[in-house]
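Consider the two complexes below, in which chain A is the common component and chain B and chain C are the respective partners.
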Partner chain A sequence: MKYVESLNFALSNLMSTDEKVILVGEDLADPYGGAFKVTKGLSTRFPDRVLNTPISEASIVGMGIGLSLRGFKPIIEIMFGDFLTLTFDQILNHAAKFYAMYGAEIKLPMIVRTPMGGGRGYGPTHSQSIEKYFLGIPYTRVVAPSIFHNPGELLIDSFSFNLPVIFIEHKLLYPLNLVDEDKEIGIENLKDTFNFPVVKVKNFTNKDPDIILITYGGISKHIFELLKILKTEEIWVAVYIPALISPIKFDKLDDLLTSLKICDKLLVIEDASVDFGWSAEVVSRFCNLGIHIERMGALNTIIPASKELEGEVILSTKKIYSKIMEIIA
Partner chain B sequence: MISNEEIYRQLYTIRKTEETLLGLFSRGLLNGTVHTSIGQETIAVTIMNCIDRDRDIVFSNHRAHGHFIAYSDRVEELIFEIMGKEDGVCAGLGGSQHIHYKNFYTNGIQGGIVPIAVGAALAEKVKNSGSIVVVFLGDGTMGEGVVYESFNLASKWSLPVMFVLEDNQYAQSTRRDLVHAGSLSERARPFGIKTLSIDDQSFENLFANIKEVVNFLRYSSKPVFLHIETYRFSPHSKGDDYRNTNEIDFYKAKDPLLQFRAKLTEDVILRIEGEVQGRINKAVERGLNKLPLSIDKFLNLGE
Partner chain C sequence: MRIVEIPLPQLGVNDTSAKIVEWHTDEEKFVNKGEIICTVETTKSIFDVEAPDSGYCYFLVSPGGEVNSGDIISILTDQKVNKEELLNLYRNQKAVEQRIDDDEIRITEKAKLLALRLNIDISKIKPDNYVINEDAVLKYYESLRSGKIKTDFEDTMDDLFPDNRVERIAIIGAGDGAIQIIDCLNKLSTQKAVMLFDDNKSLHGKKVAGVPIIGNVDYEKISGLFIENKFDKLIISVSTSISFREKAFDSLVKLNVPFTNVIHPSTVIGSNVKIGVGNVILANCHIGACAKISNNNFISAYCSIEHHNELYNHCSFGPGVLTSSKVKIKDRVRFGTGIFIEPHITIGEDSVIGSGAIITKDIPPKTMVKTQINYIMRERPSGA
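Right, the complex of A and B next:
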């Protein structure tokens, strides 16, 4: 099953089993079915519960909050993750505040889904991975499925928090097949302390890893290719990919801590411009272990429209490969 | 129909509570800030007595005490809340600007709660509950773009939202005509929203108009924009007032609360005022002896 199909099936299941689920966003309705086709077919099946909105991102999220306060389970699509900037006040000063500042008297199940990431040549304002501005907000969750997760299941499970969830979908993943088993790569499902999945993928059995990676979301595309290449070179890599990226609830994982006792090299990778990012926070969780830790991400600049330059700025399989070689050398 | 005595009790309770809060601040007994609505009380009292508080929904703003007291009569819990005590209406975590009780919600961000009110109206319309939604704005709020997104959505989707602009002429220290182009009362009309301008905030006039507006909302399920001319006698918050005192006195002479007293005998007024004052004094005394939420409870909210 493809990443986009998993999301579409999950939305369809949610809507047919729970009449409180309402989809709100721009251009969601058929025949268009959303800019990345995640909602295709849904307005035909559920015409009253797929709401095509004007271009008003702040109000779209605001309406979602109102729907949630009054007993619904809204799923809001923001067409490009870059446009989340327009929703920031609604998320930070409204959705994220209501549960605690009202004395824990309300529930606020709601999901804001949005595609992030470059690689499609959309240029500086349609290619970013700006989830870092939404990390660490108290009483908010950020979920980012990789191709090793089941994105649809994660979407459904995101309602279990009864809190606002920012759900990050990397645009390059939509057309890819999900990977839940592979002949050459071991895939293991672990759980963080919030019971959200952390997928461990590795290209070895009965060996010690040469390096441990921690990453999330769109980078999983590179990981799948990379682990196969490195296997042929007999470089053994274990990768931990949490679905819940904020708050961080995987840092006490026994399996990960055991791996870091066996292998003293850790690389944390993120899609966004690297400074002040998720990887810095993850590194801080392990920096007292006395191991070699590095992080990498996109260059600290805008994402240019030029295909060649974009390729220089964002991460690639090749760049990650080179970094791994540099660390284990 | 609610009695004049009860109306006066509500008006006077709001006024005395807010005067008491300002007094506590000047004595150093409160932390943070308060925005009072002294002079604007008839709007809150009228609207809350026109809606059905069991099912209708109210979204308020940073100047929320009057709306909250008229909605809930929870004076004690409001005072405890502003004192930051665990027994406050939101466990002392929200304070003056961030209150939720039953179907009443406030927040301190200008205009931000307006699309949330529209979403709540959508929810009630889908549920077919017959509930209407009231959302309070100030003249300052009219500078926020999200308000106009909300006008568009409420009108396009035919949602029962009463947008109430309490136009007290000043956004903090800035007079409305210095920052707003055109007419504030005309701002919603281009969106196809029925608009009503009211420049007499006496209880009778407000009540007659708002009762009709509530009926219209209930049966048409369409939004209405109410522009009400008002004036706050008190500073924006605690003591930051640079307005001309002649101007303040001009409006004080037309105080709708004092005008309302003409409907009651002196004996009744004295009795009500004594009872209200006694209630507030007792709440303050109790509040001063209460404790805030423990840090352990705060860090484990909901558990």
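Right, the complex of A and C next:
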């Protein structure tokens, strides 16, 4: 099953089993079915519950908050993650506040889905991964499924927080097949302390890893290619990919801590521009272990539309490969 | 026959594959460069594919077929031929290209890393099925360590001696000194003994700890073996005859045969120590900071050459000779065992210091120092 199909299937499932689920966003309705076709077919099946809106991101999320407070389960789509900036006030100063301000008596189940990431030549304002500005907000959750997760299941599970959830979908993953088993790569499903999945993928058995990676979301596409290449080079890599990226609840994972005792090299990778990012927060959780830790991400600049120049700014399989070889040399 | 491949181009940023809608030419028909030969459909639009060259056109994909960008959809040839024969020829050609690629020896990145870490010359490792991998490097390393790689002649006939290879050492003298040196080399991964020379003919053809004794101490012959690249460096194991040591060392240096140092790994060497060549330093010795050791000295176990000492050439030490700071030992001095030397002492050349001496003043050249020890020896009382 493809990433986009998993999401579409889950939305359809949610809507048919719970009539409180409402989709709100721009151009969600058929025949267009959303810019990345995630909502395709849903307005035909549930015409009253798929709401096409004007270009008005702040209002869309504001409407979502209202619906949620009145007992609905809104799923918002922001067409491009870059436009999430327009919703920031609604999320930070409103959605994230109600639960604590009203003595934990308010439930606010709301999912804001949005695609992030470059690699398609969409230019500076349609290619960013800006989830880092939404990390660490108290009483919100940020979920970012990889191709090794089941994005649809994660979407359904995201309602269990009863809090606003920002749901990050990487553009490059939509057309890809989900990977839950592979001949060359071992895939293990672990759980963080919130019981959210952390997928461990590795390209070896009965060996000690040469390096441990931690990453999330869109980088999983590179990881899948990379592990196969590195396997032919006998470079043994174990990768931990949490689905819940904020708050960080995987840092006490036994399996990960054991791996870091065997292998003292850790690389944390994120898709976004690297400064002040998620990787810094992850590194801070492991910096007292006395191991060799590095992080990598995109350059701290805009993402050009030209494919060649874009390639220089954002991460690629090749760049991660070189970084790994540099660390283990 | 010239064959031009036509790959499916990358069509837009959204798709990595496309569907062939229709071919605009007949198969085996001649098309001109730039002519539209087929139409393909992506998720967003339809595109035309042009012929990149002129030639007879043969299709590899039927209409309706799904292909990835970069896949070959058609081939053009400069002659009209039977399609089946052409495809066979084309596939064979591909197979040959593939085989040429495959014939190259592939070294995995891990193998390269390991070889670097273990200081192994990877070109010495035999590939298994055209691949040198982690296992091959580890096996080679193990065999080097355990000495299974032959140390006899055949294995030493190299054309080149790269820096990172184990230094092959020839030892002069096959007596007690030699066994001490071989024992020491067995503990080192950077040096190994490959041959011995001794003037005692009855020893020729025999081995000391697996190292063959191959002939007399014939300087010309040794130089010849060096030129033939059968060893890399020399060391002299004879400690009892200083005149022999000196003569052999000087003669072979004149013939441009290089000497090495053999130093037991348990020896502690301080900072800024300068050591020449041809020196043997056995187990548990100590060379203090800033000491200078010239050439061709034989230092037995448990000796301590203290800081700022100057040791000249061709000296021989029994076990347990301990010097204090800033002692100067000139050429060809021979020491017994268990000797203590006070600071700032100079021992002149060609002197002999007997066992048990405590040296408190300078020793002039060509001096014999003998300590008188009065033993009382009597029979043990019976029944004790």
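Just so it is clear, the second predicted complex is superposed on the first by the 329 of 329 C-alpha atoms of A that agree within 3 Å, B and C clash if a C-alpha of one lies under 4 Å from a C-alpha of the other, contacts with A are read in each partner's own complex, and residues count from 1 in each chain.
The definition used in the following text is that contacts are C-beta pairs under 8 Å (C-beta built on N, C-alpha and C of every residue); 3 or more make two chains touch, one makes a residue touch a chain.
Keep in mind that this is a model prediction, so the values were computed, not measured.
S.K.: Chain B versus chain C on the shared chain A, clash or fit?
M.R.: In the arrangement built by aligning on chain A, the partners chain C and chain B fit side by side.
S.K.: I'd like to know which partner A:Leu309 touches here: chain B for first, chain C for second, both or neither.
M.R.: neither
S.K.: Quick check on the superposed pair: does A:Ile235 touch chain B, chain C, both, or neither? Answer first, second, both or neither.
M.R.: A:Ile235 sits against chain C, while chain B stays out of touch.
S.K.: According to the stated criteria, A:Ile106 is in contact with first (chain B), second (chain C), both, or neither; which is it?
M.R.: First partner only, chain B.
S.K.: Just checking: does A:Gly121 make contact with chain B only, chain C only, both, or neither of them? Give me first, second, both or neither.
M.R.: Only chain C is touched by A:Gly121; chain B is not.
S.K.: For A:Ile65, is the partner it touches chain B (first), chain C (second), both, or none of the two (neither)?
M.R.: After superposition on chain A, A:Ile65 lies in contact with chain B alone.
S.K.: Quick one: name whichever of chain B and chain C touches more residues of chain A.
M.R.: Answer, by number of touched residues of chain A: B.
S.K.: Does chain B (first) or chain C (second) touch A:Leu299, or do both, or does neither?
M.R.: After superposing on A, A:Leu299 lies clear of both chain B and chain C.
S.K.: Is A:Leu257 contacted by the first partner chain B, the second partner chain C, both or neither?
M.R.: neither
S.K.: Considering only touches as defined above, state whether A:Met325 meets chain B (first), chain C (second), both or neither.
M.R.: second
S.K.: Looking at chain B versus chain C in the superposed three-chain picture, what is their shortest Cα distance in Å?
M.R.: When the complexes share the chain A frame, the smallest chain B-chain C C-alpha distance is 32 Å.
S.K.: Shared contact residues on chain A for chain B and chain C?
M.R.: Dual-contact residues (chain A): none.
S.K.: Please name which positions on chain A make contact with chain C in the complex.
M.R.: Touching chain C: residues 120-122, 175, 210, 230, 232-235, 307, 325, 328-329 of chain A.
S.K.: Which positions of chain B touch chain A when the two form their complex?
M.R.: It comes out as residues 57, 88-91, 93-94, 98-100, 105, 107, 109, 112-124, 126-127, 145-146, 149-150, 152-153, 156, 301-302.
S.K.: Flag every residue of chain A that touches chain B in the complex, lowest number first.
M.R.: So the residues of chain A in touch with chain B come to 22, 48, 53-54, 56, 58-72, 74, 89-90, 93-94, 97-106.
S.K.: Please output the residues of chain C touching chain A within their complex, sorted ascending.
M.R.: Those in contact with chain A are residues 13-14, 16, 108-111, 113, 116, 133-134.
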